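Below, subunit A partners subunit B and then partners subunit C, in two separate complexes.
After this line comes the complex of A and B, so read on.
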């Protein structure tokens, strides 16, 4: 009887151990395996899902035309629930799967944690949307498709100061208010650089009001302060859901300044139950608009709508571009999937500084070896319910 | 051997088994790593497992041994994480011996979390009723929000604080921002290792198990079981409540330091230090058995590994995870199932088999 028990417990241990182990040392790949990481569940899921959908379209297109060097590529997106620790888990899990290139992560906070691991492995990492500077700082293997937050802040201040924005009465804007999310890395990153850059511009920042992720439904206090300061323009370095609320509440209190935002505002016309006429005259600096009339954007938007029934946002477009950038640099460097992760990383990070890429989110994009992208921000204005380039 | 084991008093024997499980698990994992047989995912999970085991054991001290409900345990973890990370970031170039620096960081994390535990416990633990649950719930959220709004910089003139933004710190040219509001602390050395994690788990177990089996521990448990009776025999109720709660908070701070040094950055998000995390830790404790330290360890390990192992079924992952959670809860706690388990347990089955054999 004792023997049976011993045998039984031994088998149980063995079974459990098998579950823990599995798929190690998977270095023999037969294609390029691109991993993706982002929030697919929880409050930020909309960004992760957009990235997954956008990237999948690019992967399917590439595979439909024969893949890279005649080999179909594989793409696997893992959930990180907007948590740094889970993000690292997702990265390790993708390594077990066999990933040799990382297209991620979607958000800055998680990306910083994962970048420390990719840097240690020297794996090539291209993030579609993690825009914080700390993502690329000190990591020579990490590159961005999106603008960094500081560049957006400086770009916005430059635009308001140099190009000039006209208020309702036809005069140049000279008094600016800022409403930002102090609990959000993206928003506070843009805000700080905007304030620094605004010091040298011919306009004054007359009010700065913050809100946090826990209190983002009532903005009447912030708007009231902006109105009392007689601000002609309200700068909103935030995401579109909160911006839609701000626009609605401003209209309710008969306050109609010019609203100016960054790429986070893209998607504001698609917010449910939002009166899009309120968005008339909103100006945003964004690399991508779904209404652009070039053939590639239109084909992408049509395909995205066919698959998912909604208009793609800039996250999807950035991810779509990211996959094509990865294809281009693989072709440019002549790298093969049989190379080790580190060799592939070295080849690709050299190649990305040598190419010029034209995609949905910018023309002639180039990269510095620091990881920063070099492209021209486009200013768009919403007129008649569509985005129009300025 | 068997006789000698039997001579050891039962609580000690139980404790030795608990320590044994941890040590054996550590050795098995080390062997697997050295044989290169452990997947990347599991290797990466080893330190988080230690973090959550410490969290579960320390919360069990409050919930299971003291009998008070704490809904803000992640808040203490947050304090420890930031205090430890802050120290490491400041001292990064001053103390270059990383192990020594990390030990100091752990002590500081434990101290800060413990002091806050004491401060909260002082007024609240004098009450009878569920006030601790209410206050810790609020405390956890407040800590998270304060840290999200806190900016601390360091330059040659010393520290600068601000609750507005990093620009208003007014630092000199050489100044660097240590805590950058919502962006948290970025770019720390990753000092946490599985070995240190395991040692911390063992130290935690040593503290908690020794406390339980000591005179103080019996006093604490008597408060849980019958407050009036324990008061009547002259036990200083508030003092013992404070003692258990402060130790629990300090240990959560240790877990926080281990957590933040496992990543190279730490941010206070609702996901890692929010209310949901506090509830998650409470689930570990309830599922493992309130007051059952070994159960907490096992539940923490199983429930941390489970969602990661389920990654294969991507979209249904969280659904399956919650179903398993409910099933486990019923299996462990439903009276009907307990009754059924009693009847159909392996032990029962074996003894019946033995009886039948004896008859034959």
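After this line comes the complex of A and C, so read on.
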């Protein structure tokens, strides 16, 4: 019996050792391994799925035309269910898979958690859509394709003040209310900059109301206060789920101001069972317009529609651009996948500050070494259930 | 005018809390346990109607009946499988922890079946809102139905308990389980009946909740469940009129607090109420003071 036990444990040791050895096999792969992380299920799944689909189109296009310097890209997107802890787990399993570069994560909260780990590993990280400043703050390896939240807040105030928005009656909006989620880093980040920037604009902020993650089912009070203040426009720097509920409740109380949001509102038309006619006239600030008439956008939209049967949102476009940005900086720096994670990180973060990129989500985009992108925002309005550029 | 609007909103929210709180209070009064899975039975009830109306195209009223049936079966099954074996032998804490386990089980089951994304819920109330004073005050049809449902349920439940044999049996079991058994009352049967009524009410509460605040997700029942528990404690846990008063007051406090103090602090105010009540009057507004017998 004792002998058997010894033999058994020896066999187990051998099996485990084999396991360890075989996991090193990834280095032998002849491809650039790009990982992605985002919510593929759960409340923000629209974002993650769009990012995965958009990125996959870019990866397939690049591979079909010979890859990067003849090397193909392999793309692997993991689900984080909008949970920071799961996001870090996803990062670890992608590292086990052999990831060279991280294209993610999709949302700000998770991205902050993962960025702490990529910074420690000095892995190059390019997020398509995590817009919080805290994502790039103190992390010189993290770069954004999307605007930072402060820029969205300033951009929104600028747009309402300078370009002007017209209320239902045809008059220029001069009284603005804000409803934001004080428990969310994305929402409160935009809100703070919006309020500061609004001080210098020719409109008044007449009501500021908040809600938290635990009380996001009843907005009747917030809407009532906005209506009492006679707000013609309600600024919603929040995600689409709550926005869909706000639109429903506003309609139930006969309150029809202009609703104005940022990129978090993108996806509102996809909420299951939501009456999309309520979203008629909603304006959102976003860098991508699916009906733009340039050839690249049209080709991308057509391909996305062919594969997934729907119009891509800006998250898909951001991810598509992110993959091309990664290709461009690899070409620019001459980096290879055989370099160590840290060397590759150093090469790419230098390269991204040296290039100028024109893609679906902006022309002549450039990056500061802090990780922020420079580009010009565009506004869209929802008409007849589709996004139309303003 | 504003104050009246807020008050109406508060009563609407409070009526829902009251119906949910009834489930807590009845189960506590009779089985002497806190059924923390109650909030998730609400979610199951709402999802059943969502499935019936939005996915299968059934008649809303038929879906409601289906939902009540499913919740009753669910409540009785939970009691039979998870709580009954632990009754008597184990400490009270074990049952409480089991209830939390059941709560997670139901949430994750809903996650598996329906996915985590929030869905818009189509209200099952067939008529439109009532407008008063040139539309200055709008009372939604859901508010009216909820308030009416709350009053009807409260009255019929009180009548049931005081006028019928099974109701009297409930009172007896609540008073003293062992003595009731000696008198020939089927204690297990009475407790099962309590769970059945509580779960049926949970289905109604769930549908009203999701009609008034038209979104649904697997976590829909969690927060209202906790708030209704506070309402039950506030009114005096174990007392049926207490659940009504506690629920209505809590709803009004939450909405008025949000309107006149701070939209961010509404939950803080609600939980403050719980702490103050526990400090000042631990048995709640209408709770009975029980003397420990030697």
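Convention: the second predicted complex is superposed on the first by the 301 of 390 C-alpha atoms of A that agree within 3 Å, B and C clash if a C-alpha of one lies under 4 Å from a C-alpha of the other, contacts with A are read in each partner's own complex, and residues count from 1 in each chain.
What we mean here is this: contacts are C-beta pairs under 8 Å (C-beta built on N, C-alpha and C of every residue); 3 or more make two chains touch, one makes a residue touch a chain.
Note that the structure is a prediction, hence the values are computed from the model and not measured.
Contact with subunit B, but none with subunit C, is seen for A:188 once the two complexes are overlaid on the shared chain. Look at A:212: by the touch rule set out above, it reaches both subunit B and subunit C. Of the two partner chains, neither subunit B nor subunit C is touched by A:263. Look at A:74: by the touch rule set out above, it reaches neither subunit B nor subunit C.
Of the two partner chains placed around the shared chain by superposition, subunit B is the only one that A:132 touches, whereas subunit C remains out of contact.
By the touch criterion stated above, A:92 is placed in contact with subunit B alone, subunit C being left untouched. Number of subunit A residues touched is higher for B, counting subunit B against subunit C. Looking at the shared chain after the overlay, A:83 reaches subunit B, while subunit C stays out of its contact range. Legend: residue contacts after superposition of the two complexes on their common chain; A:321 is shown touching neither subunit B nor subunit C. Common to the subunit B-facing and subunit C-facing surfaces of subunit A are residues 41-42, 81, 182, 212, 214. On the subunit B side of its complex with subunit A, the touching residues are 32, 36-45, 48, 141, 145, 148-149, 165-167, 181-184, 186-187, 190, 259, 262-267, 269-272, 308-309, 311, 314-315, 317-318, 350, 353-354.
In the complex of the two chains, the subunit A residues touching subunit B come out as 1, 5, 19-25, 40-42, 78-79, 81-86, 88-93, 95-96, 108-109, 112-113, 116, 132, 134, 137-138, 182-185, 188-189, 191-192, 195-196, 212-214.
Within the complex, the subunit A residues that touch subunit C are 41-43, 45-46, 81, 182, 209-212, 214-215, 217-218, 220-222, 224-225, 228, 241, 244-245, 248-249, 252-254, 271-275. Only residues 2, 5-6, 9, 13, 50, 54, 115-122, 129, 131, 135, 138, 140, 213-215, 217, 220, 223, 255, 258-259, 262-264, 266-267 of subunit C touch subunit A when the two sit together in their complex.
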